[in-house]
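Next, two complexes with chain A in common: one pairs it with chain B, the other with chain C.
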Partner chain A sequence: MSNDTRFHDIKDLPSTHLLGSGTPMCAGCGGLQAVSQIYDVLGPNTIFVNAAGCMTLLSVYPFTPFRGSWLYTSMGSAPAGAQGVRDALDILRDRGKIEASEDMQVVVLTGDGSAYGMGLSATSGAIDRGLDFIYLCYDNEGYGNTGQQTSAATPHAARTSTSTGAAGYPGFKKDLFSIWVANGASYVATVIGTEPLDLARKIEKAAKLDGPRMILSLAPCPTGWDYDPKDSAEIGRLAVKTGVWPLKEFADGEVTHNKKPRKRVPVVEYLERQGRFAHLFEPERQDRVLADIQSKVDRYWDAVGS
Partner chain B sequence: MSRRLITGNAAAAWGARLARADYIPAFPITPQTEIIETLGNWIDHGEMPARMVMLESEHSMMTAAGAAAATGVRVFSATSSQGLLHAMEMLYAVAGWRAPLVLVNVSRGLASPITLESDHNDVMAARDSGFLQLHCASCQEVLDATLIAYRIAEDPRVRLPMMVNLDGFYLSFTREPVSIPELDEVRSFLPDFDPGSIRFRAGRPISQAVAVLGGGPYSYFRYESHLAANAAADVHREVVMDFERIFGRRYDAIETYQCEDAEIVFLMIGSFSTKARAAVDALRDAGEPVGLVRPRLLRPYPAEDLRRALAGKRAVAVIDQNLSPGHGGTLHCELAAALYGSDGAPPVLASFVGGLGGRDITAAEFFEIAKVTKKAADEGVTPEPRLLFQESELREVRKLQAIAHHERGLTGAEHVE
Partner chain C sequence: MYRIRFHGRGGQGIKTASRILGSALFAEGYEVQDAPRYGAERRGAPIFAYVRADRAPVYERGIIDHPDLVVVTDESLVQVPAAAVMTGLCDRSVLVIASAAEPELWQQRLGVTCRVLTLPPGPGEGAALMGAASVGAAAKLIGQISAANLEGAIRAELEGLPSDVIERNVGRALESFDSFESHAGCVSEGEALTRASATPPAWVELEVEPTSISAPAIRGEATSEQVQTGLWRTMRPVIDDSLCNHCSWICSTLCPDAAIDVGSDREPIIDYEHCKGCLLCVAVCPSHAIVVEPERAVDEHRSDP
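Entry: the complex of A and B
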């Protein structure tokens, strides 16, 4: 990978930023951090096709932080919006009505609630049709915009505004990465804003490929995960160091892990910094639940061979 | 020009073809499917230079349709019934995007109970979406209305999506002789799509469908859509004059039949109006001064035309092929709103609901409607809304009820009357 990239070192990352400031996102928003970095690599010839979620409030009449275009669709159908835009641009190019220089990268911008749930049928349909687009999911592990209710991306035992009991959310986070791989995507990658070099390389690579490409970014969310905004970076780094958020990519029929944490930090260090897991430590430490979470992470990495 | 015997569905497909639609997002549903199959067949055999894409739902279909229209291509799509409802969130959305596409709806009743047959509850559910609506009564009208719809939708004074409605089965699968105009003639009526400022291009950024904070800007955008929809009334008048000049067929916002000297007037939309027309002829033969008004344009609502056509009439019988449970017929309600307080408004507006789920409205029923309405006019008392049902049908229902009650061990005394 490092041979055909312009990002060899952190110094190679874009030093001017495309996304305007002054958005209404919360302080310390990990989703916005990832979106901003991704936009820097993609450049302004981009149209974001947005699904309902926190990022919908990036473009509030009459302002937008984007240099390129924007189309808000609905919670369930952003990939179909991307289909319409892509197809129309292709038709206009085929007929010579627009130049290649007027074409754009079509990018869906969606939260996890839509990506893992309501939008999944539209997403799968777009992959089935081999749609040439990038799908960017910022995963804050809940329906953030409506107050962090449980979504299909919520991790086991997390407290959400609809899972407030002592056990938190009883279900398990869905493996969206594998769903995309199985569905026939051309490229799938996980990223996080606290690993900007890995992120930039993956976006660079995705932008050069064709077909359905997904970037799945863990999005530490101080508001939904209940921690101080200043801890966002630390929590993001711990998500990777503990092995909770594996950095990986799928291309050419193969899944590659880009960063195998050599010695994984215990998962509790990630969990105990977030209010949404506080009930696993107070009033009594729930050792069994914590051990279950740790062993699930261990099993994952055992299978990877690390 | 060629004249062919084709179905209403084929007429809709011809409309899209002659309009040179660039893009057709599709999803199958009875009784609409023949439209997209016809178009797909033409495209696959090089007879129509368009792109069709099969979506995984009507919700996605409508999203793709709006997004493509907002990117600057001419878009056609078609649906029916449950499909229209499945797309409902996006009907409102793409109307707000001011995406000037044309959607053909082949009317079919809504579940539950599930049915394949026709009534107007589906299209009525979309009446507040911001889509403009044209309603057809013949296969020729379906083709012509599709062309007219593009002209109105794309007019810079309007820029709203438009729906063309035809009745499932009664029109969709009925063959009628249809004049299919030449492409060059159509070109002179409907030039190539000029997306104007509504289009996405690199280097010319646009933000569409952004959020608003507060009721002020929200109301501003909604009012704009409403004013544009209202403006479509004048645009419609111009466009149909142009259509008549080129093709010789006239499509006023409302069609009137034997109305001038009528005392009692039937008012209804869609293909069943041809049955009402036949009933008018029979009643006239029997000496009854009865007429018919059929709105073609339902959004924008042709209130002024209706007030003019109905002024001085003794009574109007509104026949709704839709039912708003707990309220009644939608056309009746809207007509009452349009007429109330106007000069010469008919004193009696009688409401009849029928023709649901493919049920016929027979000549005998039209005669009964005329009789009830005339009596109401004589007595000056508006009758209770009527749900049309024939004695034989009621007997059939009673029989089924009897069986059901027997199986539940009930006695005849507990039958619902």
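Entry: the complex of A and C
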């Protein structure tokens, strides 16, 4: 990958930013951190099709942080909206109304509530049709905009406003990456805002490809995960160092892990910094649950191999 | 009728404070209405909460424009126009500001004649307990709430939280309750509002216009920059130039709000009009060149001659 990238070093990252400031996202939003970096790499010729969620508050009349068009859809229908925009652009090109250089990248912007749950059917249909679009999910592991209810992306044992018991959420986080791979995507990658160089290279690569492409970004969320906004970067870094959030990509029929933590930090260090896992540490430490979470991460990396 | 207005920032427990005060008044036999009003609905953004209490049923609704008591849990809100802290204050109103400064200084600064009291934050006390402190103060100033009913309302509202959190809040509220003993009952009930006494909003009548004018195509880029999210901030990051290594690709890239610009010598420049004060840059700066200053200390520097 390093040969055909313009991002060789962290110093090559863009020093001016396309996304306007003044948005209503929470202070310390890990999702906005990733979206801002991704927009810098994609450039201004980008149309965002936004499934309802936190990020739909980005563009509230008369204010927008974007440099171009933005379309708001319901939670279940963002890929259908993207299909309409892509078709319109194709028709304009076929009729000679726009030049190839004026063509635009169609990007769905969605949270995990939509991506892992109620938008999945329309998404699978768009992949079936081979829709040429990028699907960008900021995953804060719950329905954040409405008060962090459990979503299909919520990790095991996390407390949410609908999983308040001593055990937290009894289910397990859905593997959306593998679903996209199995469904026939042309490119799938996980990113995180605290690994900006890895992120920039993947966005650059995705932008050059055609077909259905997904970027799945973990989005540390001070409000929903219950921690101080200044810890957003540290929690993002720990997600990678503990192996909870593997940085990987699928291209040309193969899954590659881009950053294998050489010596993984114990998962506890990631969990104990977040209020949503506080019930695993007090009033009594729930060693069995903590060991379960650790062993699931260990099993994942054992299967990946070194 | 008592009309109480709380001003605070998201995350300070203002909504909870208004519910506790409402429940405590209810326990004293009042008819009560309490309602929060969120603006940006984000931690750090200005929010409001209203409590009405009367011996008769409360039919009045909406925003409180004629408060008997105003409680401000963050002094930096006073200068924020959108927070409208001063709205409707009159000579008989009571204004409580969470501040270490003297009440007389605030009276002078604000040019008001009403009673001003200050609620000094405890040593090393975070924003989290300001809600409890303010509800304790409000209960004593109204003078109709017993310590037992105040405590009962707090315990009922916070039920389910860890017991040390509940005890800290109860302790802080009761301490604040006792500290205002000399002003007990200084808040008086306001007059009933009539249709005749209501002031119409200052709206502008608009003619019906053709669609091409009234719904124009929006072509502005990044117009969100007109929104000053810097007003959300209670603490500000300040770069110490002597320590900064100009590795701005770190702080500028990681700032979630694109609020750190990069200068010609790759030096980072913080955009205080938009910085929300998350302080993520402070945490990631490799040379520890970014320090944190409370907003009011910054104001004091600015006013130095």
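Observations on the model:
Note that the second predicted complex is superposed on the first by the 305 of 306 C-alpha atoms of A that agree within 3 Å, B and C clash if a C-alpha of one lies under 4 Å from a C-alpha of the other, contacts with A are read in each partner's own complex, and residues count from 1 in each chain.
Throughout what follows, a residue touches a chain if its C-beta (ideal position, glycine included) is under 8 Å from a C-beta of that chain, and two chains touch if they have at least 3 such contacts.
Being a predicted model, the structure only gives us computed values, none of them experimental.
Bringing the complexes onto one copy of chain A puts chain B beside chain C with no clash. Looking at the shared chain after the overlay, A:Asp103 reaches chain B, while chain C stays out of its contact range. Of the two partner chains, chain B is the only one touched by A:Val49; chain C is not. Within the superposed three-chain model, A:Gln149 lies out of touch with both chain B and chain C [touch as defined at top]. When the two complexes are overlaid on their common chain A, residue A:Gly125 makes contact with chain B while staying clear of chain C. By the touch criterion stated above, A:Thr73 is placed in contact with chain B alone, chain C being left untouched. Looking at the shared chain after the overlay, A:Gly193 reaches chain C, while chain B stays out of its contact range.
Here the apex is the CA centre of chain A, and the angle it makes with the centres of chain B and chain C after alignment on chain A is 90°, in steps of 10.
In the superposition on chain A, contact of A:Ala82 is made with chain B only, not with chain C.
In the overlay built on the shared chain, the residue A:Thr16 is in contact with chain C alone; chain B does not reach it. By the document's definition of touching, of the two partners only chain B reaches A:Leu92; chain C does not. No C-alpha atom of chain B lies closer than 5 Å to one of chain C in the superposed arrangement. Across the superposed pair, chain B and chain C both touch chain A at residues 61, 64, 66-68. Of all the residues in chain A, the ones that touch chain B in their complex are 44-45, 47, 49, 56-57, 59-61, 64, 66-74, 76-85, 87-92, 97-98, 101-104, 121-122, 124-125, 128-129. Contacts from chain A toward chain C in the complex involve residues 10-11, 13-30, 32-33, 36-37, 58, 61-68, 164, 193-194, 196, 222-223, 229-234, 282-283.
Chain B contributes residues 22-23, 25, 51, 53-57, 59-61, 63-73, 89-90, 93, 97, 200-213, 217 to its touches with chain A in the complex.
Across the complex, chain A is touched by residues 40-45, 160, 162, 218, 220-229, 232-233, 248-250, 252-259, 261-262, 266, 271, 273-274, 276-280, 282-284 of chain C.
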